[in-house]
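Please go over the structures that come below.
Two complexes, one shared chain (subunit A), two partners (subunit B, subunit C).
The block that comes next holds the complex of A and B.
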C-alpha cells in the first residue's frame, strides 16, 4: 500500500441538483450576513426559486440527455438511480410551490426571539421586521430531503436526516400567530425527532457491528452469507426502522404529527406534509428493500402490523378532530399507512417489485401535490387572529366563497380516493400492488396481503367520513354571522392552488402520463 | 369503433360546462340549456337505439380507447340489450326531471313559510344533473370493469351534492348516509376488481375476456362477495337498505327519481352483468341465500311501506320491495325471470318516477310530505289526482300497466325455475306473490287518504297541474300504459342479452331458450 490518500471521485454532473440546492442555501446564509435588511427578501426569493427550478431542470437533463447512472456516485455514498431522480423531481416541484406559499406575507413571526405578547414583539412587528432566514433554512431542508432518499449508506442517510430535520425544527417555531403553540410544536418536534434520530444512529451502529459496513449494499451482501438471527442484525433493523417510521409518522410513532402540523406556520406544514413525507418514504424504501431485502420474511410481518395500525389510527383519530390542520395531519398519517401497504408488496420477481415501486412513486407524487394545494387553501381562510383553524368556522364557506370551497372539496375528495381524482389512482395502485404481490406463488403472506388491503379499504371508508364532514360543513351548513374572511390570495398562492388543482384533476382523468414516468423510474429498481 | 356512446357521454358533459359557466343571473337560461341538452341526448339515444340489432352481436356500438395502459385499463364502451334499455330509461327520465326540478333550487319552505332549505345556486344544480346523466350513461355503457367501477363511484358525488344542498330538512344527514353506505360497498368492490384482475391474470379489465377467467371456486366466492355487497347496497337489498328511505325522502323529487329510478338500477344491472357472468359457480352456490334475502326485501319493504306517514319514504320502501323482485328474478336463473327482471328495471323507473314526481307536486303545493296533511285532493285538483292514481296503480302492478308484465314474468320465471333448482323457488314465488296484495294495501291506502275523503282546509287552495307539470307526468303515464299493453319491443331487445348471460352461467340451454316464444 502506498501512503498517498486517494482523492475521492465525485460525479459532479450527477450530483448537480443536490449541489445547486446546497450552494444556493450557503449563498442565502451569506446574503443574511452581508446584505442590508431591506434588500434581503428581494435577493432571497429569486435565488431560492431559481435554484429549485434549476435543480429540477438538471434532474430533467439527467434523465433525458445523460443516462441514469448504473452505479452509486460519490464513492458509493449517494445512489442517483431512477427512483431517486423521480423523488428528486417530485420534491423539487413540491418545495418550489411551497416556497411560493412561504413568500406570502404574514405567516412568519417578526422577531422569533421576542417573548410572545411582549412589547419587543409589538415593536418588531411595527418596524416590519422579517425573518428572511427562512429561505436558506428551507433550502437546507430541501437539500436534506434530496439527499435522504438517495443516500446509499446509513451514515450519509443519517447526515441527510439531520440536515433535513434541523431547519424544520426551527421553521416550526416561527409562526406569527399563536406563537406559544408554534414554539411548543417546535420543541416537541425537536425532542421527539432527536430521540428518533438517536434510534436511527444506534441502529446504524448495530448493523455496522453485524455487517462491518454501513453501505446498504454491503449490509445486504453480509446477510446473504451471515446468520439471519444475529441479535445485532435484528436489533439494528428494529432501531433503524423506528427512526424511519417516525419520520413518515407511522403509528405508533405518529404522536408528533398533529401537534407539529397544527403549530407550524401553514406553508411549513405544507412542506413537511409533502416534501418530508416523500423523502422519508423514499429512504424507508431504500433501507428496507436494498439493505434488508434478505430479511423480508422478518420485516414484512412487522410492517404489516404497522401499516394496518397506521391506517386505522389515522382514520379513526381524524374523526374526533376539530381543527382543520390537525385533521389533515391525521389524514397524512392514514396516507402514510396506505404507502406502507405498497412498501411491503415486495414478494416475487423484480418485475413485480418494480410494479410496487411504481405504485408508491406515483402515490407520493399525486398525494404531495394535493396536500400542498389543500394547505394553500387553509392559509386563505382567516379570522382576525390568524387562520381560522377550528372546523366550525368553516361552516357555510361554500356560500361565501364557492370557488375556494369547491376547490378544497375537490382536494378532500382526492384524499378520500374518489374516482376521477388523482388520489383514487394512487390508492388503486398501491392496493393492486399489494394484492398482486400476495398472489405470487409461494408468498406465505398471500392471504395477509389481501387482509391488509381489506383493512385499507375499511380505513378509507372511515376516512371518507371526516373528509365528507368538512364538505357538509362547507356546503350544507349556513354560514355563521361572523364567519372568517377569505384573504385575497396573492399571485403565488393562486398559482399554487391552480397547479395543485390542475394536477389533481388532470391526473384523475388521465393518469397515464405520470404513471409512465413513474414506470420508467421504477423499472430498474434501486441500484445497490 | 362506433362514436355513438362517447358522443352520448360527451354531450351532457359539455352541456354541464356551458351551464356552469353561464354569467350570473342566467338562471332561466341555465334551465333552458339543460333542458335542450337533455332533449338532444334523448334524440341521439333514440336514433342510436333504432339502429340496435337485437339478433346481432352481443355488444353493439362498441368503442375502445387506451386509457391507462399501465393498469391495463381501457375506455371501453358498448351496449347489450339490457344496457341499451337502461340508457334509454336514463335519457327519458333526465329531461322529465329537468322540467320537474324547474324550481327545486329555489329552496324548500313549509306551509307557514319557515325556510327549510334556503335558495341555492340554480346553475350548480343543473350542471350536476347533466354530469350525473353522463355518468349514468357511462356506467351502463362501460364494457371495461375498471371503467364501470370509476363511474359507479364517481356518480355518487353529484347525487351527494344534489341531496345535501337542495334537499329537505334532514338533507345533510341523508346525503352523508347515502354517500358512506355506497362508498363502503364501492371500496369492497374495488378490492374485488383488483382481485379479479390479479386472479384472472389476463392483463385486461375488458369484460368479455374476463368471462370465465377466474376458475378457482374459493377465489370466485370472495370476489363475488365483493361485487355483490356493493350491488346489494346500491340496489338496495334488505338488510343494507336503510339509507334509501332517508336519501329518497330528503332529496328533491327530481333527484329522488334519478336516485331510485336509475342509480339504484346499477346495482341490479351489476348483479346480472358482473356477478353472474364473471363468477358463475359462486353465483350458483350463493343463489339460495340471495333468494331468501330478496324475498325478505319484497315482504319487508311492502309491510314497512304500509306503516309510513311520509309519502316519499313510503315510495322508497315500495321500491325496496320492487328491488327484491328484481333480484329474485336475476337469481332465479331462467330466461323468463331474468328478462322480467331487466324489464322490471325499466318499468320501475317509469312507475316510481311518476309516483315520486306526482307526490313531489303534491308536496310542493302543501309544503308537507305527510299523508295526514292531505285529503280530498281529487275534488280540487282532478288532473293531479288522476296522474297520481295511475302512477300508484302502476306501482302496485295493475294488469294493463307496464309493471304488471315484468312482475308477472319474474314470478312465473321463478316458479318455473323450480324445475332445475329446488322446490325453494316455488316457495319463493309463492311468498312473493303475497306482496302483490300488500302492494294494493300500501298504494290504495295512501291514495285513499290523500285523494279521497273530505277536502282538508289547506288543500282547498290547491291549483291543478300547470302545463309544465302536465308535460312532466304525461310522457311517463303514456309509457306506463303503452308498455303495459305492448311490452314486446323491450322484451325483444332484452331477451337476447339474457340468453348470453344464462349461457355464460352455464345454465342448460333448454332453460336459457325457454320463453323465447313470448
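The block that comes next holds the complex of A and C.
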C-alpha cells in the first residue's frame, strides 16, 4: 500500500471531442442559472448544435491527419482507437439529428414540477414555458455515450454508464402530453437501470478481486497467467455482462425497453434507440473482446443463447403490439439480437475480428439513422391529445399523406432488411461474419454459429411480417373519419427525415461508402 | 482475514437485490439499490486490502459520488410520481404494459 498517487497526464488533443461536449454541457448549466428565461432557448440551441458539430469535426480531423493513437489516453482510462472514433462519429451525427427533433416545440413539459392537470400546470403552459434544461441534459447524456464505449477500465466505464443514464432517466419523464405515462416510464427506467448498474459494479468488484486492477488490459493479462476457473472471475464476468446486456436491451433483460420507449418524449426515444444502443454495443464489445478475450470459451455460448432469445422475443412480441412506439421498441430488441450475432463472431484470428467488427460498426451506423428517421415520422402523426400511438389510428395514412406514409414504409422496409435499403447490407454483413467465424478451423462452435444465423434469418422473416403489416395498414385500409392530423413539420423535422431517408437510400445503393470507413476503423481493432 | 468481509458484502448485496424484487414502495426499492452499491464498496475496499493497492479504495470514493448523484435523480423522479399519484407504490404505476 505504498503507492503514491501520481499527477495524471491527459492527452487533451486526443480527448478533445469528449471535452467539447462536456464543456458545452457545463456552459449550458450556467446558461440555465444566469440567462433570463426568454433568452435561454436561443442560447442553448446554437450552443448544443455547434458543440456536437465541433466535436464531430474534431473526430474527422483526428482520423484525417491519421493520428489515431496506438495506446490508451488519460493514464490508460480512455482508449481512443479506430472503433472508438467511428462510434464517436456515429453518436455525434445521431445526437445532432436528435437535437433537431428535440428542438421542435411541444415535446417537453412546461413545468415538470407541476402536478398533471393542476392549475400550476395550466399556468405554466399559458405562460409559454418549456424546460430548456433539456439541452444540457442531452449534452451530458451524449458525453456519457461518447465515454462509455471508449472507457478502457471498468471504473471509467461505470462512471460513463451513469453519466449517460442519469440525464436520460430525467428526460424520459419530461413529455408534455400523457404525463402519467411519461413519469411512469421514467420511474421504471430509473429503478431498473439503477438495479442493473449495481450488478455491473459488483461484477467490477469481483474482477478487481481477481485481477487486482480494473483496467481491461490488466484483467486480460491476469487471465493469461491466472486460473480461468476462479469463481471471482466467473461471477465478475457474469455480473458485468448483465449490466451491459441490460443497456442494449437483450432478452431476458429487455422488459424496460417497450415501456420506456413508449412513455418517453419521442425525440428522447429516438436518442435512446440510436445513441444509447450504439454506445452500449461498443462498450459490450470492448469488455468482452479486450478484457474477457481469453474467456471466450465461457462467454460465447452465453451470448449465443442471449442472441437467439433476444431475436426471437423481439420479433414475436412485436407482432402482438398495438402501439407504434412499443412496436418499434420490440423491433429495437430484435435488432439488438442481430447485433449480438455479430458480437459472437468476434473470435479467433485478427482478420475474423476485423470483419465482424466492421459488420457491427456498419450495422450500428445505418440502423441508428433509420431509427431516428422512423421516430421523427412518429412525432408528426398527431391526435388532439398528443401523438397518435395506437396502430389503428395509422390506418389509411397512405391515402391522407402519401409522402409521409411512403417515407415511413421505406424505413420499415429498411428495418426488415429488404435489398436496396441500408438494413439489408447491415444484416448481410453481420450474418456473413458469423458464418465465416463458424467456418474457422478450430472453432468448436462452428455448427452452432450456422444455427444462430438460421435463427437470425427466421427472426428476420417474422420481423418482416409485422413491418409489412403496418405498411398494409397504411396503404390498403380506409382512413378513419376522425383520423389523426398530420402536423406541419418544422424545418428541423424535415431535415431529420430527409437526412435519414438519404442515408438509408444512399447506403442501400452504395454500401461501399460507409463500409469503407467502417473497414478502416475496424482494421485497427480495439487497443488491447 | 478478508473472507468475512467478502461474505458480508455478498450478503448485503443479496439482501439489497431481494429487496428490490419484493418490496413495493419505490423509496424502499431505491434504498435497496443503494444497499447494493454499498455492498460493492465494501467488496472494493476489501479487495484493495487483499491485493495491496489503492485502486479499490479510490473506486469506493467514485462510487459514493455516483450514488449521491443517483439519489438526486431518483428522489426527484419518485417525488414527482408521488405528487401525481399520491402513492409511491411501484404496483400502482401500471399504465404501460403489454
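Operating definition for what follows: the second predicted complex is superposed on the first by the 521 of 528 C-alpha atoms of A that agree within 3 Å, B and C clash if a C-alpha of one lies under 4 Å from a C-alpha of the other, contacts with A are read in each partner's own complex, and residues count from 1 in each chain.
Going forward, a residue touches a chain if its C-beta (ideal position, glycine included) is under 8 Å from a C-beta of that chain, and two chains touch if they have at least 3 such contacts.
Just so we're clear, the structure is a prediction, and the values are computed from it rather than from any experiment.
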Next on the checklist: With both complexes overlaid on chain A, does A:159 touch subunit B (first), subunit C (second), both or neither?
Outcome noted: second
Next on the checklist: Under the stated touch criterion, which partner chain does A:469 make contact with: subunit B (first), subunit C (second), both, or neither?
Outcome noted: first
Next on the checklist: Can you give me the overlap between the subunit B contact set and the subunit C contact set on subunit A?
Outcome noted: none
Item to check | Interface residues, subunit A side, partner subunit C - complex | outcome: 1, 3, 5, 112-113, 115-116, 155, 158-159, 162, 166, 169-170, 173, 179-181, 183-188, 190-191, 194-195, 198-199, 201-202, 204-206, 208-209, 212-214, 258-259, 262-263, 320-321
Checklist entry - What part of subunit A is in contact with subunit B in the complex they form? => result 358, 402, 413, 416, 418-420, 424-425, 428-429, 431-432, 435-436, 439, 450, 453-454, 457-458, 460-461, 464-465, 468-469, 471-472, 475-478, 510-512, 515-516, 519
Checklist outcome for this item: Per the touch rule, the subunit C residues reaching subunit A in their complex are 6, 9, 13, 16-17, 20, 26, 29-30, 33, 36-37, 39-40, 43-44, 46-47, 50-56, 58-59, 62-63, 66, 69-70, 73-74, 76-78, 80-81, 83-85, 90, 93-98
Checklist outcome for this item: Seen from subunit B, its contact residues with subunit A in the complex are 66-71, 118, 121, 124, 149-151, 153-154, 156-157, 160-161, 164-165, 171-172, 175-176, 179-180, 183-184, 187-188, 190-191, 194-195, 197-199
